[in-house]
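Structure record follows, encoded as structure tokens.
When the chains are written out, they are named A, B, C and D in that same order, and each has its own residue count from 1.
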Amino acid sequence: MSVRVGVVTFPGSCDDRDALRAIELVGGEPAQLWHADDHLHAADAVIVPGGFSYGDYLRPGALAARSPVMRAIVRHAGDGGPVLGICNGFQVLTEAGLLPGVLRPNTGLRFRCHDVGLRVQRPSPWLPQREPGDLLEIPMKHHDGCYFADPATLAELDRYGQVLLRYEPNPNGSVAAIACVTSREGNVAGLMPHPEHAVDPLLGSADGRVLLAGLLGLARTPAAA
Amino acid sequence: MNVASPQPLHRSLGLTDEEYSRIGEAIGREPNDFELAVFSLLWSEHCGYKHSRRLLGRFPTSGPAVLQGPGENAGVIDVGDGLAVALKVESHNHPSAVEPFQGAATGVGGILRDIFAMGARPIAILDSLRFGELESPEQRQLFGRVVEGVGHYGNCVGVANVGGEVEFEAPYEHNCLVNAMCVGLLDAGRLQSAGAAGAGNLLVLYGSRTGRDGIGGASVLASQGFDEDSAGKRPSVQIGDPFTGKKLIECTLALIDAGLVAALQDLGAAGLASSTAEMASAGGVGLDVDLSRVPLREPDMEPFEIMISESQERMAAIVEPERWPEVEALCARWDMDATVIGEVTGGGRLRVLFEGEPVGDLPVAALTDGCPRYDLERTRPARLAGPCRFPPVSDPTAALRTLLGSPGIASRRWITRQYDQLVGSGTVVRPGGDAAVVRLTPSARAIAVSLDGNGRRTWLHPRRGGMSAVCEAARNVACTGARPAAVTNCLNFGNPEHPEVAYELAEAIEGMALACEALDLPVVSGNVSLYNEHAGHPIQPTPVVGVVGVLEDADLAVSAAFRETGDVVLLAGNGPAALDGSEYQKRLLGEVAGEIPEPDLDAERALHGFLAAAAAAGLLQSAHDISSGGLAVALAESAILGGVGVDAPAAEWLFDEGEGRVVISARAGNVPALVELAGSLPLRELGAVGGDRIVAGAAVIDLSDATGRYESAIPELMGDR
Amino acid sequence: MTRVTVTVRPKEGILDPQGEALRRSLAAGGQPVLAVRAGKLFDVEIDAASDAEALALAEQIAGDLLANPLIEEHRVDLAGEERAG
Amino acid sequence: MTRVTVTVRPKEGILDPQGEALRRSLAAGGQPVLAVRAGKLFDVEIDAASDAEALALAEQIAGDLLANPLIEEHRVDLAGEERAG
């Protein structure tokens, strides 16, 4: 069954078109979602893409998190539907309360764009055919990618195995080098690096296909989460 | 009108008495203040090119691939597969000197609008920067803020920044240069034009509301010398809003997809004044504009303020009345204010109303074509001299170490990593080498693009400097395997009313034109920035050249990085080179003097052809052009980028700089084929890739040491590691 | 129309890299500055029947949107009356 | 040790894209918000002999570093006493 993956476009989204193209490359059926719609055009899975929704004004993701389409995405996630937040999308999902923690300015206080190593922490349907210890190489490009959560939250993340990837090396001061977290149920995931920019070796890496394949897999068998 | 001054208004607006009387003749009466303000802006150098237009006529501008030459918002060339690219570079020097972050950001915003006004989706930004020496804390601050501003706008609108250049020289200390280039992609059949047409069609303004931003920006900031009293210019700072800029891009492209706009024009320098005049002039029609309909951000703005405001993120479109409802709806979908502010008339006049009253009535032709065009009095600068004599390089190893760590040569990664180089998922070759390569997805084709200039070389010999800028930009593109296809350029010079500056300008243009002719490169767009001086001292003459080239197959793109141990390293071409004006002369001998050698344009052309053929045949592992720092630095850079050493004992004339030379590497088995391809083009074996040292003739340095110096020089100066 | 000012500050104990960077560069410049905390403020013009109503609305907007309770604390005052946190 | 609060606001007439974006999205959410101006604030702890000295120093720091005089206006108050501009 071909999985219908909705990619949200907020005003200020930049990587939505790349995400749509990447989904096609990994065999999904891309569908555009509009920030002002309160439904998901029958999407089985959702990507909240990168960019600068609402100009990153106030706090990255803060204004997008309050847009109509997010209500539909919260319902979708509540029903166990898979959702992947990339970069600004990760920020949106934390602001919307779908993922724990918050993304703050890089401790270097500068935007940084370069490839970064991501160490797999545990087996997960988000990372098909990858084992703990494996290293993914995926580009990142952000100013506000420093993941922060208070000690209690961090303890929970560990207890429920919600940390999928850690940076190696840590490029932005994220606590415990956390690069990718999931919701406790496991069907919502977010990361700052850009899998959709890493689907073609000609452009440097195809490691991003792993997470996109994971998204499709979760849509086929939600229970897997 | 609030220009308080003892002298007559026209003079305080920068118009000569002679120009003032010409205006009177052109409109057959005394202009009112509003009309005078409009004339003063459209007849400024910035909008009217009154000192440079005649010289620009020297450029070759046509060619089989040219779909749009100079005259529109940007030039456009056909790149095959039914695709075309729009390209243009523009300066934002003076605004950046006043407010570095906003000046640089709005510079990027402005060039983006020129590109999508052509109906193209912006896919690449490049920036060319000049500052004083980085030893000065003020210059480091300025440099840092400008880079942040360039990154801020480009990152937020989601257009990849794939290249550019930066140099640090004392003459730019009080007059930095910020030139931004943009390349856009469109279907070859879908060019937009600024030409208004069809009496009765509507003039629609959409995007941000209008405030007092940049009032007088064009005339005050861009057309007068820049000196002490920047305080007086402060209120006219323009603030960029990349969020609205991004919506403007998507909304505009959607309007074009839906076929809703008959003509498009961005609002840039001189705001509505220049946009309405340009649209009417390009279409050979007239326009009636009602300023009271323009949505304002601030209460009670005067008509002239509304007319010349440089508020950012605004576009003007010509729309057929029956299409207006759809236009309004589409703009609303993107949360964009759109307002009908006037209509096209037959008359050929620009008539401006405010609250029912006419405030100006001007013949369009007088505003645009009527702009005076001056010939410049030129004097050959006394400083121009013959070649220097140089003592032999005493310690090549020490020299190479010094050069790799000098701001003029060290890695630019500190800059480029602050830019999103990847959005669009097309960046095949990222910044760091010569030209960047961007795939035109979904086509297999790619473009290579480079932006280069060299004020030091042009200062030593304006004509050869002009040639050199074109040769270097084209050679950078050729190194990727692409065929250089078209040129855009920005001419950054001092005050052209000084005969020595006029000489520099005319000679540099002549050199650029000669090189473009020899390399078959049409100049399709550009921009001129004059009056770059401080306290009577001009900047180094700085023509900045952008070249776009075409690769049939993105998979065959070649990078500057050495790849595999055992690959043979060769020197292709042996154009004339010397230490005059070189980084070596500046850093190790502490002077910039002499005469740069005359580039061999035929050899340059042959070299580019060889590189394209070799890449197409898959014979090249790497190709890196020899420029600043000479052969030794080129070898070191390819090694550092590839993370592998090189052993090139046969390298000589290590630090000489000149055109027409490239370091390539190839699998040993492919060398005979390369020799065959090269024909009469000199091809010399220098050594092989491998090891953990860089051996360039007598200069020997550990790869790790070289990498450390090269990568850390600028981060250390800028205080972050 | 009532003008309300919302001030937002990093919570006690939350790292404030911007404030810290400012402190460092001021200290480097020889200024006797012991600490800097960087926050935000918003002047909001609200169409409300009374000051009380405006304050209540601003409090709601601040809590829901302007401040992130995980890392920030906020206060709301009638313009001209706000105090430091 | 004296605690001073520096408030920084966009100058009259200077575009405030952040405030405008906030106004639009609040209005879209049905809030009776007529205008938003977004500014910054800095709590600065200064090692000074007197409040007056601390205020003078803060004034200087604000003008040199915390505010950009081209586009922003600032005011300096002892913590607990600052007012809206």
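Here, a contact is a pair of C-beta atoms (placed from the backbone, for glycine too) under 8 Å apart; a residue touches a chain by one contact, two chains touch by 3 or more.
Here the structure is a predicted model, which is why all the values come from computation and not from measurement.
Engineer: Name whichever of A-B and A-C has more C-beta pairs touching across its two chains.
Structural biologist: So, comparing the two chain pairs, more contacts are at A-B.
Engineer: Please tell me the distance, in whole Å, between the geometric centres of chain B and chain C computed from their C-alpha atoms.
Structural biologist: Computed from C-alpha means, the inter-chain centre distance equals 41 Å.
Engineer: Could you please state the distance in Å, as a whole number, between where the Cα atoms of chain A are centred and where those of chain C are centred?
Structural biologist: 30
Engineer: Would you mind pulling out the distance in Å between where the CA atoms of chain A average out and where those of chain B do?
Structural biologist: 36
Engineer: Mind checking the centre-to-centre distance between chain C and chain D? Centres are C-alpha means, answer in whole Å.
Structural biologist: Averaging C-alpha atoms per chain gives centres 9 Å apart.
Engineer: Any chance you could list the residues of chain A touching two or more other chains?
Structural biologist: 54-55, 57-58, 63, 66
Engineer: Could you pull out the residues of chain C that touch at least 2 other chains?
Structural biologist: 65
Engineer: Among the residues of chain B, which ones contact at least 2 other chains?
Structural biologist: Only 241, 243-244, 335 qualify.
Engineer: Give the pairs of chains that touch; include all such pairs.
Structural biologist: A-B, A-C, A-D, B-D, C-D
Engineer: Hey, which residues of chain A end up touching chain C in the complex?
Structural biologist: Interface residues on chain A, with respect to chain C: 58-59, 62-63, 66, 95, 101-102, 104-105, 107, 109, 146, 148, 150, 173.
Engineer: Within the complex, which stretch of chain C touches chain D?
Structural biologist: Touch residues, chain C against chain D: 1, 3, 5, 7, 9, 19, 22, 25-26, 31-48, 57, 61, 65, 79-85.
Engineer: For chain B, which residues are in contact with chain D within the complex?
Structural biologist: For chain B paired with chain D, touching residues are 98-99, 102, 208, 211-213, 234, 237, 239, 241, 243-244, 297-298, 311-312, 335.
Engineer: Write out the stretch or stretches of chain A touching chain D in their complex.
Structural biologist: Chain A residues touching chain D: 54-55, 57-58, 63, 66.
Engineer: Report the residues of chain D in contact with chain A in the complex, numbered from low to high.
Structural biologist: Contact set of chain D toward chain A: 17-18, 21-22, 25, 29, 38.
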